[in-house]
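Listed below are the structures to be examined.
Shared chain: subunit A. Partners: subunit B in the first complex, subunit C in the second.
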Partner chain A sequence: MMNRTLSRKLLGSMCGISNPRLSFAQSAVNTVQREKELIKSRELEKDEPRPLYMDFQATTPMDPRVLDAMLPYQVNYYGNPHSRTHAYGWESESAMEKARKQVADLIGADPREIVFTSGATESNNMSIKGVARFYKAKKKHIVTTQTEHKCVLDSCRIMEAEGFDVTYLPVKNNGLIDLKQLEETIRPDTSLVSIMTVNNEIGVKQPIKEIGNSYYQHHSLNVYLRIFISSISIMFLISGHLCRSKNVFFHTDAAQAVGKIPINVNDWKVDLMSISGHKLYGPKGIGALYLRRRPRIRIEPLQSGGGQERGLRSGTVPTPLAVGLGAACEIAQQELEYDHKHVTVLANRLVQKIMAAIPDVVLNGDPDQRYPGCVNLSFAYVEGESLLMALKDVALSSGSACTSASLEPSYVLRAIGTDEDLAHSSIRFGIGRFTTEDEVDYTVEKCVQQVKRLREMSPLWEMVQEGIDIKSIKWTQH
Partner chain B sequence: MPTSSDTRWQCFMRNSTQREKNYTELNMASCSRTQVISLYRMLVKESKKFSSYNYRTYALRRVKDGFRENLHVDNPKTLDMLINQARENLAVIKRQVSIGHLYSAQRTVVEKEPHL
Partner chain C sequence: PFIMALAAAARRCASCAIFSRSLSVPELRSACSYHKKVVDHYENPRNVGSLDKNDKNVGTGLVGAPACGDVMKLQIQVDENGKIVDARFKTFGCGSAIASSSLATEWVKGKSIDEALKIKNTEIAKELSLPPVKLHCSMLAEDAIKAALADYRLKQKDDKETLAEARN
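Right, the complex of A and B next:
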């Protein structure tokens, strides 16, 4: 155990030295070489109690009200919403349109601006590839951050291969991006800026409203001059912002944020937004993409076919799933404040209890600008994987589900500048609508107990207790 | 200076359940008061039948908090709307409880006694 820990740390630090500037897209995706099953998967025994679910960022259980809304469309009202000639089609279509309105109401949009997709990954792919390819004649630059979700980073990597220039903005130590740096990075040939609203690993909330709005005052003169000059064209330049004044489109991956924090696409001046169904207590396999109509965003469709969803995403819209997404959005809108209060109370309880009981625990990400339900803690001198194995009664994860199979620590933690050893020992606690106080207390108790036990066994901890500074040790190889 | 009716009232308040105390507001019409109390009781009774720990605890907590926050509603239209919503939610809970029973799974680690 000790040798494995030491050798892993050596390997980790060596990797850090040899590949410091590997493009983040590549390192995030390049997990094939390092894949290793450390926690053996097994089915639960017949009478074995189920673990507590504390991984709400990976997925969420479906709300019973959502399932109730979906079932009639699975059982009796099974028509294809695009059939125009009979009642099965008409009732299915009206349910789909009702769901579209429910989704639009949650984010403050018009129903015509919502396109149903198969999830946030497809929405992200559509936005990045679609916008980049449509405007590729004149615009060749894309801006994104280093802490984005893998689907965004991978799409950008594909765009690089197609000949686009991609800038991956670094983040500060608290996980937020620097607005000045963003403004400097935007070039005349930038077509898209993509920044996620709430990070799925550390829970940090980016200043999307500031990015959209803050340049309005600076550039409003430019905007009005252009209205005056181009008075012939009927452009609705009601609001301008940094991106729009320079004709740059603003995309945000709001999969973790929708239904959890108040969103208004007009206040925030976003042009494209990805929504995921199974992150807001809805069904898996459905998502939505918000595409602004005024001023119109054009994208090149990824999926060709019969022209459904205004030609942007052909294919039958799965009515039961769409109805489920709509119901989930409506419930989220009603319950937003209540859930937020509940999650904040529980998250504070979790963090304070753990930090009071054991020393050397670090909360990753900005403590204020965050969504409280995603708590990423690093326990120093403890291996993340062994802590997860010890906490087998609680369903947790270290880092995101996409990267959990690989040996490497999460690229998000590396981007915020966490030390290699702290990055290896991070655990993400997810708290949601259905979490109870008892669950949080149980998790805290088990976590504290296991961390203490693992630290007792760790030689590094012994050395720290004796007062030796770990960083000053020169490790030799035999 | 407490009158005898006040002491009888206090005795009644002490003896009734916490929830009922909140509803025996003198300015509420007595038929809606009993309606609301019976709706609340039925919602709680049905919510306790959920086989999933998370759904059960959420339903109980949400019903309690929902009734508590609408405690001082006077407007009869809003009251009607809330009562209808409560009835719909009761129907949803009943259906989902039976689905949960059809596809039940093992208990979670925090559940202490066996669920009924």
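Right, the complex of A and C next:
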């Protein structure tokens, strides 16, 4: 035995020297190691402190209380909520229904109006595609804005390919839409209007209550008028064009707004609303769609299967995630006012300190009609990506071209009419429930320091100091 | 036993070779991770600043556009023998743009005008290991060098013309 192992070891070492196939393998192993080093260089070093998290619009850490609520459903009460025949299913189902009620309470809805989905992207897809396809016999027009989230814009593009007409409303320079323009754009064959509540890039809050209420007047009046007229028309056989109702459905993507500002779907007269779990300190991979029951919205389901969620979204509802979403909504409801005050104080501190310390900083978006936790600042004469690289121990995001795959700056900034060079210089600071004053102070200090350093390196700043007007120069295109 | 050991070793080699071949995936780096050299040039940029642009021996090249997010200003100082003795840059752009222009000033120093014209963007990109999405930064750096040299030549030609007129 000893001889065999010894001879094997000797052979192994001899193979290392002489066998060409093994040396090829060795070089391949070396490249693998080098590639692993490259991968490692993208992750944090061993003792490197983690960066400060100031990107609460991208995602939020899960509240520990939400984790506490979810954990039993991962390991103990793990049944499928749609299993009707045993206790595992029953307890899972009751947890799911409890979560549904918690979500509904946050937005002022009935639990029967909530459908669990995999996230706000799926909810947006279901709303736009579902409503448009269901009503496509008579209604072929969809209205949305230019500053919507990519999933809404992409769904609208798919609808255009399916033969629908889509109007992308422009926004004013402060990011808000013009209500009069919206009124004019609505046609008799409009089925859906989709406008997001709080923008994820600039934090602007749209006047959803005004839109909903102006619509609902058309909506409810014409629903009853329609019923009345149609009942008469059945008797007199009057053709359909008499009962032309502006039966327009109103969808809002409230992913960034739920749990942060008070929402009541009945006050706002909203028909569909998308909710995202991981934006309100809940788990990732879950969201919800609110679908009004009175008057009833019908949608064509996107996902077919066993008929779960009233046939609108088949598939097993992930009980632990749903419980997490419910817990996050309940916590958000209890702490909404406190969180709002906390975030407002910190955001004002951030903006005022930065603006006092360095000149030529622009706040993108309306200063009043906004959610304070999303601060988008443009630092003139400094490029966004270089500033992000300088602030490497703060996790931030930018609307600059270099950070997107193409060389185009963010479409939201372009839609609000920002100059192209300012669009390249924008940084988004996200503040949330867990941000502390020290974190904000540190960020401000580093930001001011790095902006000053980068401005020293910038030819545009130099030209401005010398009094040259940058807009008058003819630049060489490349 | 000897044959068995050999067979076992051969099997190990073969599996190792196949295993590592499947693991050798080429392009792992994405646009957001920076090479150490780019970070180094960015944190310790060489030759930031300005030279006197009215000086006869200084050529200034200003390329790019703020609308594209990249503006580079490269200045070179040339002595009587046609050799570049000093270079300075200022850039409005991302980390790769700053690194490309910083490297350009480093390379251009000590070269003659004709040698500096030969610097290619591919060399800059290779030195900094720029990913494909950032190659335009190195192209802009090459353009900046050429623009600075062209500006210097223009100044020298103007000087010679004024001298010739004065003589006449």
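Just so it is clear, the second predicted complex is superposed on the first by the 394 of 478 C-alpha atoms of A that agree within 3 Å, B and C clash if a C-alpha of one lies under 4 Å from a C-alpha of the other, contacts with A are read in each partner's own complex, and residues count from 1 in each chain.
Rule of thumb we're sticking to: a residue touches a chain if its C-beta (ideal position, glycine included) is under 8 Å from a C-beta of that chain, and two chains touch if they have at least 3 such contacts.
Only a predicted model underlies this, so the values are computations on that prediction, with no experimental measurement involved.
S.K.: In the superposed arrangement, which partner chain does A:459 touch: subunit B (first), subunit C (second), both, or neither?
M.R.: Touch status of A:459: second partner only.
S.K.: A:409 contacts which: subunit B (first), subunit C (second), both, neither?
M.R.: second
S.K.: Looking at the overlay, what does A:113 touch: subunit B (first), subunit C (second), both, or neither?
M.R.: After superposition on chain A, A:113 lies in contact with neither partner.
S.K.: Please work out whether A:154 is in contact with subunit B alone, subunit C alone, both, or neither, and reply first, second, both or neither.
M.R.: neither
S.K.: In this superposition, which partner touches a larger number of subunit A residues, subunit B or subunit C?
M.R.: C
S.K.: After superposition on the shared chain, which partner residues are touched by A:383: those of subunit B (first), subunit C (second), both, or neither?
M.R.: So A:383 only meets subunit C here.
S.K.: Let me test your reading of the model: by the given contact rule, A:91 touches which partner, first (subunit B), second (subunit C), both or neither?
M.R.: In the superposed model, A:91 contacts neither subunit B nor subunit C.
S.K.: Where does A:122 make contact in the superposed view: on subunit B (first), on subunit C (second), on both, or on neither?
M.R.: Touch status of A:122: no partner.
S.K.: Is A:442 touching the first partner subunit B, the second partner subunit C, both, or neither of them?
M.R.: In the superposition, A:442 contacts subunit B only.
S.K.: Which holds for A:64: it touches subunit B only (first), subunit C only (second), both, or neither?
M.R.: first
S.K.: Within their complex, state which residues of subunit A touch subunit B.
M.R.: 44, 46-53, 61, 64-65, 67-68, 338, 393-394, 433-436, 438-439, 442
S.K.: How about subunit B: which of its residues touch subunit A in the complex?
M.R.: 54-55, 57-59, 61-62, 65, 89, 92-93, 95-96, 99, 105-111
S.K.: Can you list the residues on subunit A that touch subunit C in the complex?
M.R.: The contact residues of subunit A facing subunit C are 3-4, 7-8, 11-12, 15, 19, 21-22, 24-25, 28-29, 31-32, 35, 38-39, 41-42, 381-386, 389-390, 400-403, 405, 407, 409, 420-421, 424, 456-460, 462, 470, 475-478.
S.K.: Can you list the residues on subunit C that touch subunit A in the complex?
M.R.: Those in contact with subunit A are residues 1-2, 4-6, 8-9, 12-14, 16-17, 20-21, 23-25, 28-34, 36, 39, 42, 45, 48, 50, 62-73, 90-98, 133-134, 136, 139-140, 143, 147.
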